[in-house]
Amino acid sequence: MQRNDDFQPRDPEFGERVRASFNRQPFMHHIGARITDVSPGRCTIHLPYRAELTQQHGYMHAGIMGTMADNAGGYAALSLMPPGKEVLTVEYKINLLQPGQGEAIVSRGRVLKAGRTLTICRSDVFNIVQGEEILCATAQFTMMAVAERR
Amino acid sequence: MQRNDDFQPRDPEFGERVRASFNRQPFMHHIGARITDVSPGRCTIHLPYRAELTQQHGYMHAGIMGTMADNAGGYAALSLMPPGKEVLTVEYKINLLQPGQGEAIVSRGRVLKAGRTLTICRSDVFNIVQGEEILCATAQFTMMAVAERR
Amino acid sequence: MQRNDDFQPRDPEFGERVRASFNRQPFMHHIGARITDVSPGRCTIHLPYRAELTQQHGYMHAGIMGTMADNAGGYAALSLMPPGKEVLTVEYKINLLQPGQGEAIVSRGRVLKAGRTLTICRSDVFNIVQGEEILCATAQFTMMAVAERR
Amino acid sequence: MQRNDDFQPRDPEFGERVRASFNRQPFMHHIGARITDVSPGRCTIHLPYRAELTQQHGYMHAGIMGTMADNAGGYAALSLMPPGKEVLTVEYKINLLQPGQGEAIVSRGRVLKAGRTLTICRSDVFNIVQGEEILCATAQFTMMAVAERR
């Protein structure tokens, strides 16, 4: 299956930029998420299981799965933006395949198409159960480049 | 436009059931959300603005908008379920129309079609800004009825 | 529910423009669809039932439901564009609620938010069965304004 | 990235069944689509470019892209169904990445998760341009197993 995975970053400091933006998100601190990997067009985010993020059966809340998918996709998109641009989520669609459970949630986002205005991304979200990754959600995103605000 | 808005609840205690399920969700307590209204096929959820739920620009996180939309849709669906059934989110799609800001977020979910296995819902999410409601996100959901677990 | 339904067209000849664009679509002629109404931010498209557009059970094909939803949404968006702009579909999501059957399909598209670059639309698709409209699909769209090509 | 690609067909004659169902679809004959490959959990559909399937710029219509994605996903799902079951599309979401153009459209569907009631699929749609495949659309589907009707 042919896909362009040879994305060239337009900002050599894309890694620092992605991490700095992530670190300015209070909600990420609040839930305990962190970035574990960034490369051009890709980003991985990790979230340890926490009881306060669950729904009524003790599974991670669907909204948390969406949050994890959204952030991995958004930062995959940001990794390809030129300096002075940032990324807004226009829309996303997520299928929940398995309940969110285990030791942690890992979300892997990647860019499918990087346009000048719009970037289309996919995120796969995994449960880590006894060290093994099990696909538990998959999502598609439309992201928009906007001028950075300070 | 013809739509069936005359949903008949199959459980006369649908209201208590919806509220009891909501109250068993640790994540809802954690973020400070509460149900303000339930009727057959409809549910409204309210969340005061909180700094720890924001992204890097001080807007409510897209994941929180998805959470709010998901819960209002899910409980709209649950309000029509017979006793012994509950609701899982199969998938959702959300368009973010405005940044999440203001005093609070209100999410209004309603059932578009209640099937035996699948229920299709829509949620509209509003910012409350100086007391006025402004549409900031809209979402479509597929929910599935499953046997209640205890 | 507050929504901005007071859209002001930026091209006084929006109606002619929408119809002219529609008429340049070979696929619309091919399947027999026609526009029955255009107003600022809204468009209605009508398609008589045809056996060659069906799937294996004699219902209108899901792809035809998507086509009808897409065109009504796209022309609702175009009705608000300034001269010199046209509309591309970025993405859509459709829930199929009932099989496509009856005498005809009617798709009603409307704009939820008209931005400078992106327009978010919804389309509801109805079966006409013995003269009555029954909701059979509902869809959300992201449309993008692009410079008109000649 | 862990995914279950070892799907076991529950009907040894899945290939014949998929092709027979496809051949009963008038709309597929009408547009000139054909199945070029079926394996457990996967299906590929091919459609030569045709002027009557285009929109106003001579590109394949977005509704045709959705149709191609839907059918490849649906037949990927059907390939895993036990005898006596068939597949309905509950919903889909498609991102259009490139205009539909070239010599032909190829749609590759595959199952992400095969449940008893619901099957989640993805389809990637490619333009064939001078013999090369270029990703032009990607879609996610929820399919439902229903009793076969005769």
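Letters A, B, C and D mark the chains in the order given here, with residues in each chain numbered from 1 onward.
The rule is simple: contacts are C-beta pairs under 8 Å (C-beta built on N, C-alpha and C of every residue); 3 or more make two chains touch, one makes a residue touch a chain.
In UniProt terms the chains read A, B, C, D = Medium/long-chain acyl-CoA thioesterase YigI.
Keep in mind the model is a prediction, meaning the values are calculated, not measured.
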Chains adjacent to chain A and to chain D under the stated definition are B, C
Contact-richer chain pair [C-D vs B-D]
C-D
CA centroids of chain B and chain C: separation to the nearest Å works out as 27
Inter-centroid spacing, chain D versus chain C (mean Cα positions, whole Å):
23
Averaging C-alpha coordinates per chain, one finds the centres of chain B and chain D separated by a number of Å equal to 32
Residue numbers in chain D touching two or more further chains are 90-91, 93, 95, 120, 140, 142
Chain D touches which residues of chain C in the complex?
21, 24-27, 29-30, 51-57, 61-64, 66-68, 70-71, 74, 88-96, 149
What residues of chain C sit close enough to touch chain A in their complex?
90-91, 93, 117-118, 120, 140, 142, 144
Can you list the chain B residues touching chain C in their complex?
1-3, 93, 95, 97-98, 108, 112-113, 120, 122, 124, 126, 132-135, 138, 140, 142
